[in-house]
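Just below sit the structures, each encoded as structure tokens.
The same chain A turns up in both complexes below, where it pairs with chain B and then with chain C.
Presenting the complex of A and B:
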């Protein structure tokens, strides 16, 4: 058994008691199996991996036993993990670029690791390194061998990291969100690679992800974690078809699918280790809460009927994931005559290599190349593309952050004024931005209420008292309680803060809201809240939306039309349903095929059937 | 996110003081600085006698508290009470150091903001001056300025002292501003129609303030030393006003037969700058979330 964990607990020793991080984890990973850990951020998925690898800080205490390939590596045997690391078990991380040494070549890092782990000479190690690079699908390994991490793309760096992990021929691989930072098409390739390596080397894999779609596509078994415990565990098929824990069901329902439909969300947030309630930690957020839930901790027990284990006093009826929700009909919005925002042949060049300095020259990079895009009053248009496709630059053009190097960008028939100009003040009342990360977009040292009031202050709207009332009304509009106004951004959750950002953007009653990946920094459980809020605002206020995202799944029910961007150009622009059902461009089809979806689990199912026979 | 685990209900000041209580060295340094500050504020009332009163019969008297003369720290070559002179010197030196530090911070932060706001050639030019300043001892520049303007003008002297360290403020302000501008909230405010002043003063300044406080606490002892060096060289605070530097300077002439004249101001300078440095290091560790978390 590559990994056998029983009764694993992790606590932080600190003044005033112990802080439990992980509690009572039992998990076995058999050879050739991929076990997925899924849960919102703060549920303890990464800590589990680090604890198993013996990589936790000194002050953190580990209880229970972890055995890697039959050797106990916890307690008195703690030292063994140092030798086992790399040879017996290896780990790959989310941000491959940051995990590699930026000042050493790819080849140098590989050769060093191989020499250390396999006890071979440099010449032999070089050959092995080449083989590994080829094995993980790096094109032109001879050239890449001499290059540095910054010269490789994110996906290639992740492949190099996997090659490094394979250097010691481990029988167990921990993969901590290995595809989260990657584009969907690259993500699909990396998932394929991990699956292929599993088949070839028969290693066990622990695969951590917050994305149930990814987990469903690659894993044989799923462990759902919440607040430091496993709350439901079983074969992937069984979990997806007949999950009974309300938390698992909530996660499944929160997953956006290609078919669209209303997005569910789980209210509240994961409690911090210090605030975990007695009894079931999920009880405060649970729709099926009983009295004893907040007193008795439910044990992880085998389900009477099925092959799953779950820790719940009041399990729900199983709801098969694939048929959870029918396709919702989108209310069609008639196309208005005149375009509100219109880009005609618009291009945007960036200067590279200099920041306007008079001492050095520069080259031009065309981020957006002669695109045509129009958006009518009250219309919602999605702009889809991978990172580097230029979609965020389109947002900058539409907001006046960047001026078009070519072509025109018109709002209401007038050119969009540059930020900071006198005309921009008036423009700012009509067009507002909801950026990707609410943590970055809010001032960490200003109270939330003051930040929502700021646009009113800037534009001198109303008296002080009226402004306070307006702030209260805005908080109400986005579904937040009044008392949040007195808090600072770090005192609220990500989902709440994104609503604050939306409230601030709405303060001036704009006609067009530009949303630049507004949910990608948030947990999947709150993603639905934001999308539903935007939908409601559209209905109530006739707000127009330009919705920029890399995630095709979330826009189906929200947007009327979809523009697909690739390498600075719009390759497809059509009604949403047409794009999903009848994509014309090859790139759109690739994009659609790469999206992990709970429904597209045919291939892995066949594979586990083979294994079973 | 882990910020949310900070104990609720306690202000940042209370948290700071609680951590100070854990380290005896920091606590001692804080107590000494508080003592110096109180002495400086209430100097005329703390001083046992008039600091300018000359008593030629009691010249160079050693520390004594007999009926013949109550001189806790002895007297100088004109028979003036050194304890009183020291108290007044502390007042003047602290005044110069505090105003100097604040002026330096204001000048440096403004220049840093300008460099960060305009970038391009303005930025390059400012950074050239910063590098120039950093490679030139400030004492030499100060001496050159005083050679032209002459000594004795207190306001000019404070302004001059204030320029000490501007390049450090400018550099860290520019750096922190550039990263704060990329932080996103600055862009958000601009997209809402907010002007440059609002972005820089209402948003960026509070966010980089922790860093500036630390720089001020590092700069403060340097300012004290600069003022005392200038006065020691005779181009700073002029007699009959007393400053720590010129007390030390007189003491040098009588080091062999009246050691107490130099020792008392020397000890005060040493302890004050040391305390400020200790407090500065501690503040830097406390205000920097990265070092605080790993501690």
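Presenting the complex of A and C:
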């Protein structure tokens, strides 16, 4: 058995007692099996991997036993786990670029690791390194061998990290959100690679992801974690078909499907370790809570009917995934006469060159190439495509951050003024941005109310008292209580903070909101709430929306039309239903197929081979 | 290879040097007539006029500026008012002594500061860390002149172990080097500690440990080279403080270097020598900073190959 964990607990020692992070985890990973750990952030998934590898900080204490390939590595001398790392068990991480030494070559890092783990000379290690690079699907391995991590794409770096993990021929692989930072099409390729390596080497894999769609695609078994415990466990099919824990059901219902569906979210948030209640930690958020739930901790027991284990006093009826919800009827918005935002033959060039040196000159890189895009009053348009396809540049053109190198960008019939010009001040009242991460878009040292009021101050709207009332009204609009105004960003949850950002964007009553991946920094359970909010705002205010997103729920439930971008061009621009049901362009089909979905649990090998070429 | 970076850095150094040279010219002209400042008030006007003519001070300003540059190109920075020897010759003969002091102090600074910082980082918040950090704070808090005098008092006056002035042998170097290098060693220890701690928290360090790399190798082969990049910046600054500090230190220990020459020349209003000395110090600073930029180029591939535009 590559991994056998029993009674694993992790606590942080601190003044005034121990803080429990992980409690009572039992989990086995057999050879050739991929076990998925899923749950919201704060559920303890990553801590589980780090604890098993002995990588936790010194202050953290581990109880119970972890055995890797039959050798117990906990409670023994440090040597045991240090010798197991790399040889018996390896680990790959979320941001592959950040997991590689930035100032050493790809080849150097590989050769170094191979020499140490396989006890071979440099010449032989170089040969093995080349083989590994080829094996994980790195094109032109000879060239990449001499290059540095910053010269490779995110997907290639993840492949290199996997090659490094394979250097010691481990029997067990911990994959901690290995595809979260990648584009969907690249994600599909990496999932494929991990699946293929599992088949070839028969290693066991622990696969951590917050995305149930990804987990469903690759894992044989699923362990659902909540607040440091496993709350439901079983074979993937069984979990998807007949999960009975209300939390698992909530996660499944929160998942996007390509057929659309009513949006679901789990209210509340994961309790912090210090505030976990007695009894079931999920009880405060649970729709099926009984009195004893908040007193009595439910044990992880075998379900009478099926092959799953669950820890719940009042399990629900199984609701099969993916067919659970009917297709939502998107309210059709008639196409208005004139376009509010109109890009005609718009291009945007960037100068690239070594450090912008005045001697070395520069070359032009065309990020956006002669696109036509129009967005009517009250209309919602989605812009999809991989990173580097030019989506963000389109948003910059629409905001006046970049001026078109060619063609025109009109708002309400007038050219969009450049940032910094006098005319841009007036334009900014009408067009606002909702950025991807609310944590980066808010000032950590400024009270939330002041941040929402700031646009009103800048544009001199009303008197002080009126501004206060406006802030209160705005908080109410986005469904937040008044008292939040006095808090600081770190005192509210991610979902609440994204509402704050939306409230701030609405302060000047804009006509167009440009939303850059507005849900991707948030937990699955709250993404639905933000989408519902935007939907309501659109209905109430006749707001026009331009989304840059991969979130199928946003596209299906909110957007009238979808523009697909590839290499700076719009390759398809059509009504949402047409794009999904009858995609014309091959690239659109690939892009949509690559989005992991509970309904498409199949090996996507052929598809990604095609994409890789 | 990003040769644009190299060319740019070299050009920038040359432009800075030209600006400094021009600035010295301006400062020496706007602070009043050097001749009347130098000579007693009751000097014969004919003599003053004669000196003005000898030094070219009766020429129009632009002509003086052109001549000044022409002189620099010939390596002629004027003659000393005290003994009539060329200013450059007076500076050059003192340079070996100053280099002996500053280079030894620089080595002392690095060889003491960097290992102390590494030990402190690896024993974070335990006693070795606390001890090293306490010593390092005291080290760079003590001004040169105070530390120098304190050392003379203890080792020369009380214990009679070390000579208080330069005598040419190695023993007379101990106190000047310690005086000049201690502050820098303290700063470098602190800086190495904090940048190493930052690097040790990076994902790639954790990933290397997860691949089974032993801790000493992780520190030596992964963490230290990465921590060296920000440390080089501070080392560049320390070269500047070394040169400034050498003026004080040489004076305290009667060290026959450029620093002491500069002090005596300023007191004697020997302008040509002061001018040449200031120029030499400026040139050293500019070259030191250029070397720092070149060191980045060698260590950091992101600068060597340019981190933008090549991603694919």
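Going forward, the second predicted complex is superposed on the first by the 584 of 613 C-alpha atoms of A that agree within 3 Å, B and C clash if a C-alpha of one lies under 4 Å from a C-alpha of the other, contacts with A are read in each partner's own complex, and residues count from 1 in each chain.
One rule holds for everything that comes next: a contact is a pair of C-beta atoms (placed from the backbone, for glycine too) under 8 Å apart; a residue touches a chain by one contact, two chains touch by 3 or more.
Just so you know, these numbers come straight off a predicted model, no measurement behind them.
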| item | value |
| --- | --- |
| Touched partner set for A:414, first chain B, second chain C, both or neither | neither |
| Which superposed partner A:455 touches (first chain B, second chain C, both, neither) | first |
| First, second, both or neither for A:127, with chain B first and chain C second | neither |
| Which of chain B and chain C A:272 touches, first, second, both or neither | first |
| Partner chain in contact with A:82 - chain B first, chain C second, else both or neither | second |
| First, second, both or neither for A:199, with chain B first and chain C second | neither |
| Partner chain in contact with A:164 - chain B first, chain C second, else both or neither | second |
| Chain B versus chain C as contact partner of A:429, first or second or both or neither | first |
| Chain C-contacting residues of chain A that also contact chain B | 355, 357-359 |
| Chain A residues touching chain C - in the complex, by the definition given at the top | 53, 55, 82-87, 90-91, 93, 95, 98-105, 112-113, 116-117, 148, 150-153, 161, 164-165, 167-168, 352-355, 357-360, 363, 365 |
| Touching residues (chain side chain A, partner chain B) in the complex | 41-42, 272, 274, 355-359, 399, 401, 419-420, 424-425, 428-429, 432-433, 435, 437, 440-446, 454-455, 458-459, 490-491, 501, 504, 508 |
| For the chain B and chain A complex, residues of the former touching the latter | 1, 3-5, 119-121, 123-124, 183-185, 187-196, 198, 202-203, 206-207 |
| Chain C residues touching chain A - in the complex, by the definition given at the top | 2-5, 7-8, 11, 202-204, 206-214, 221-222, 225-226, 229, 299-302, 305-312 |
